[in-house]
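Both of the next two complexes hold chain A, though its partner changes from chain B to chain C.
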Partner chain A sequence: MIIFVVFPILNTIYISFLSPEGGFIGLENYAMVIGSKKIFNLEGLPKNPPLGAFVHNMIWILIHLPLSIISGLIFAIILKDVKGSSIVKTLVFLGMVTPMVVGGLIIRYTFEKDVGIVNGLLSLIGLGDLTKSWTAYPDTALFALIFGSVWLWTGFSMILYSAGLATIPKDYYEAAKIDGAGPFKMFFRITLPLLRSITVTVVTMTILYELKIFDIVLVATYGGPGEASSVLAFQMWLYAFRYFQFNKAAVVASLLTILTTIVTIPMIKFMVKR
Partner chain B sequence: MVNKVEISIIALVLIAIIVSGAALGYSLSILDKLDKLTSNMADLTSSLIDLTGTVADVAEKVGASLDAINEIQSRLEEVESRLMPTITVIGPWSGAEMDKFLPVLARFEALTGINVRYKIYRAEELATLLPAQFATGTAPGDVIFMWGWFIAENAKNGHVMEVTDLIDESKFLSGSLDAVKVNGKFYGCAYTGKVKPGFWYRKSFFAARNLTEPKTWNEFLTLLDTLKAMGFEHPIVSGDEIGWPLSDIAEHFLITYGGPELQLQLIDGTASWTEDSVRGVFENYLVPLLENGYFSEPIEWTTAKDQWWQGDYALYFMGSWITGMVDDPSDLGVFSLPDCEGLVFAADYFFIPKYTQYSDEAKELFKFLASSEAQRLQVAQGGHIATNIEVSLDSYPEVDRRVANLTVGKAVLPDLDDSIGGEFQATFWDQLKLLWVSPQSLDDILRAIEAVAP
Partner chain C sequence: MNMKKKTIIIHVIAWFIALFWILPFMGIFMASIRPYSEIIHGWWDFSRFNPTFSNFMISWSHRDFPLSRGVINSLIVAVPSTFIPLFVGALAGYSFARFSFPIKNYIFLTVVLLMALPQQSVAIPLFQMMMTFGLIDNFLSLILVHSAWGLPWIILFMRNFFSALPVEIEEAARVDGASYFKIFYKIVLPISLPALASVIVLQFMWVWNDLFLALIFIYSDPMKLATQRLLYIGRTGPFHLDWSILSAASIIVMAFPVLIFILLQKYYIKGMVGWTIKG
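Our next item is the complex of A and B:
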């Protein structure tokens, strides 16, 4: 634990305060990285991406989080106590067991102009004018990755919610029915509150996934075009292994560590309280 | 009268005498046997003593033999390791390209007896792997193919073996070794390379439509318009990957309409990406073609090659390795942009890491790969152009001979982004992908490139 986790984290944070020559330079690296358009590119708002890797991660969270939670919950509810649901659940869960590199390739070709299923569907419903290779354009590349990622991650929330739904006693619903409650009231007054701990877990794990997303960006768009789909983890990799600026890479790694800690602490507190 | 008692006594005495006699006789015989036994034992003891001496002699001799055997064995192992080490070559080629490289290594093995193992790593993967390995004083191979700028950069940091005495620069294409030269010393060499000659087409495609290669810029535009009128929405397919296919096209335009010198000035930083000479090439030549839809949007480059080959597109800008990627290379034709006076020649560079355990054997392979024999063997299989000038045009298949001929009378130039590398290369590739779909953003794109240029 100390050798493989604690030491590397502390060493990375230490490197982030050094110059390439090894001298201590305080927060200079942080100023350079955070001040770079690669991380924050907000001039000329409102505008399409590129908006900077940090902002792209936040957009990813804002769109991907509710979509994957809601779709996972819907699947779990619809497939509860349904014959053959295990087959459907398996199909939905396929995204979770697909390697992210393969997932990135699938996303790329799903949104390809000539062979992609998304463009095929758009043509089918009369929106042929919108067909293009989504991953090739700065205004759609990031969103193609986000929507593709919803398919990859929905299985996770579905499985957790399925397990949570199975723990809710049926007596509650029967009692509510007797009192005249309809399905919506039962859902909001019984199901959701009793799924609270599951929801906290799903939200936390999903945000962590969204912060560390890298593979599908690397494979599908390489962060482009024009940095329009770059994210923090990808930018960290670029700094380290393409630019050979290891101190700046350490800065991004430290920022990611801080962000994930901020996300994780509330969940741990919640679990401990329970 | 003799009484019964006296008779009994006499009988007993007689019996006793007889038994005694028998016992005596038996005892005598036992004694005799004992004597013999004793004598035998004495003999045996004597023999044992002799045997012991013999065994000791034998043991002494065997011991000496064992020592000798051990010594012989260790010498054999030493000779074996010296005679047949296995060195590792790391290169980017897989599939059909790898099949064309392996015979070169096999030839080296046959000549030298040194075993060679080939491992596949792309340059992008090595860029991630090598810095960490070098930091620990190790290397995954003994001879490694890698970008020239990467070799030079790591030579400055002391991770690369100097090989000046292994190279005769006069035997190589002029300028082809500049990328791996640091402070007048060589740290790598050029193997074969690829030319990026221009726009490829299928001769059968052109013949069926009565099309000809353009000789002027206006003829080029006319050709593109003719293809559009024939129903090709985008006559030229654009390959995509991490960005290098588009950078090859951009460099070809810069060299043709900015001059060969401009390429070198952009590499060494004496020209700016925002100055008129550079901006003008984009604004007057490349951007209009993009805005008018003559280029397709970027498509994964091997898929683009397949679609072009089956007739979905008419033209494809690609390097000369394409001759090894199509079913019928004899159907291939290629033309440079009209008035082009320089071509990019992208050599495949290789080096020996300082941390190799087989430096002598690695040097032997290094010299072989730099030799005309190895390069002749490679180019004969198609898709490669030699950097060693002792390889004659006769060594090439017909289509590659035409490609090699294209360089005659033209300046041979290094690849721009491969020469600079680092943050510039990644940014250059990324910004060109943006230019292809958003040509109206030219000024922002040139500023972004200039910000990371040398």
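Our next item is the complex of A and C:
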């Protein structure tokens, strides 16, 4: 484990400070990579993507995190008292066990012009003018992938919240009802607080998922068109294994290490406190 | 009456969710059993409908990237990458649960942190290491890295499981003069089978579904794993895809994790919930 996990993490950070010839050049690589349009491309805002891989990851979090968590929670609540809910849950959860490569292919297919169901549904409701291959245009590619990843990931929060809901005793709700509490009050005063530890876990794991997005982008758009849907993990792979610029790739990898560490620390603190 | 109406509405919403969520899967399923010429106006167009099995045959015995070979390669990698860390992780988890080390807590914090990191954080040194040892294009590199990568969560998961087991039985056995190893194999292991099943299911799926590590370690065509082959099958031109063949190939690749999930759902969910919530 130390050989294959701990050492490589530290070594990656070390490599990020070296020049391609092996000399120590401090933060020069960082300046070069972070200054490049591949990571931050914010000149002339507001504008459409490409906005840089880092910004794309942040947009991913901004859209995917609330959507997938809230829909997962809503599904869990709806399905609590439904007959045959286990079948519905299994169907929603399929996205979680599907290989991400396949998930990416399905997203691309679903958003493709003529053959994809998204455009089929748009035509059906009279928006036929809007049909196009959503993943092939810079202004929509990133968002198509993000919505696709919500579809894949919602099962995660749904299953965890379902497990959490099952642990809340029914008496709590009955007692609240007797005291005259409405369904909304019960949700915000009983359900949500009791699901707090699950929410901490779900939020952390979801942000980690969003930072690690790789397969979907590779297979659905290859980061394109024109880097409009590139993300950090994908950019790292391009630098390292397509252009063989290991030092630049190490910078992106180290950025990812830092970001995931920042995200994980609150969860660890929360776990230690319990 | 009002109550009944509410129940009906909730059921309708639930089944609508299910239908909506399953639509994309229906798409590749329909594409996979029909010739591509039939679905160019959408798979929901049934004006011509000639179900066929040929897309599966074509991708299974693809001229350049037969999926049959990919499935075998993936199994060669996934089976040892599941059982090696299972064995090591169970032993380590047991010692963490039963014996106290002074630095135990710090080890645990590190383990949780390691679980969170993306594979990109380790890719370059691992690639250089495998290059030095001549293990590029060798399944051993994947097996080693997947095993090491799976260990942190397996140790944590097994430790949590063992901590919840009552110590009394083991103590009784110890009084009777059984050794630690004997206690582990004769008493602890048999009652841990459900937990071990969870580990097997989750770790196998994780390894099977992986694309990134396969991409950086495996380069020659005959060695490529099942997931890697999806990047080549069904490509009829640089921008052209035969979605029927590609869908059939996708279904074959996803069949393994999906079937395991459906058959062993209990262990999967238990594993995931236990690992993330109690973690």
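Quick note on the criterion: the second predicted complex is superposed on the first by the 274 of 274 C-alpha atoms of A that agree within 3 Å, B and C clash if a C-alpha of one lies under 4 Å from a C-alpha of the other, contacts with A are read in each partner's own complex, and residues count from 1 in each chain.
One rule holds for everything that comes next: a contact is a pair of C-beta atoms (placed from the backbone, for glycine too) under 8 Å apart; a residue touches a chain by one contact, two chains touch by 3 or more.
The model shown is predicted, which means the values in this text are computed figures rather than measured ones.
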| item | value |
| --- | --- |
| When chain B and chain C are modelled together on chain A, clash or fit | clash |
| Which of chain B and chain C A:226 touches, first, second, both or neither | first |
| Chain B versus chain C as contact partner of A:163, first or second or both or neither | second |
| Partner chain in contact with A:199 - chain B first, chain C second, else both or neither | neither |
| First (chain B), second (chain C), both or neither touched by A:36 | neither |
| First (chain B), second (chain C), both or neither touched by A:241 | both |
| Which superposed partner A:138 touches (first chain B, second chain C, both, neither) | first |
| Greater residue coverage of chain A in the superposed arrangement, chain B or chain C | C |
| Clash with chain C, by chain B stretch, listed 45-53, 171-179 or 297-305 | 297-305 |
| Residues of chain A that lie at the interface with chain B and also at the interface with chain C | 112, 114, 241 |
| Contact set on chain A toward chain B in their complex | 108, 112-114, 132-133, 136-138, 222-228, 238, 241-245 |
| Chain C contact footprint on chain A (complex, rising order) | 1, 3-9, 11-12, 15, 75, 78-79, 81-83, 85, 87-88, 90-95, 97-102, 105-107, 109-110, 112, 114-117, 119-120, 151, 154, 159-160, 163-164, 197-198, 201-202, 204-205, 208, 211-212, 214-215, 218-219, 232-233, 236-237, 240-241, 246, 249-250, 252-254, 256-257, 260-261, 263-264, 267-268, 271-272 |
| Complex contacts: residues of chain C adjacent to chain A | 7, 10-11, 13-15, 17-18, 21-25, 27-28, 31, 39-44, 109, 112-114, 116-129, 144-145, 148-149, 151-152, 205, 208-209, 211-212, 215-216, 227, 230-231, 243, 246-247, 250, 253-254, 257-258, 260-262, 265, 268-269, 272-273, 276-277, 279 |
| Residue ranges of chain B in contact with chain A within the complex | 127-128, 131, 153, 240, 242-243, 297-300, 422-423, 425-426, 429-431, 433-434, 436-438, 441, 445, 448 |
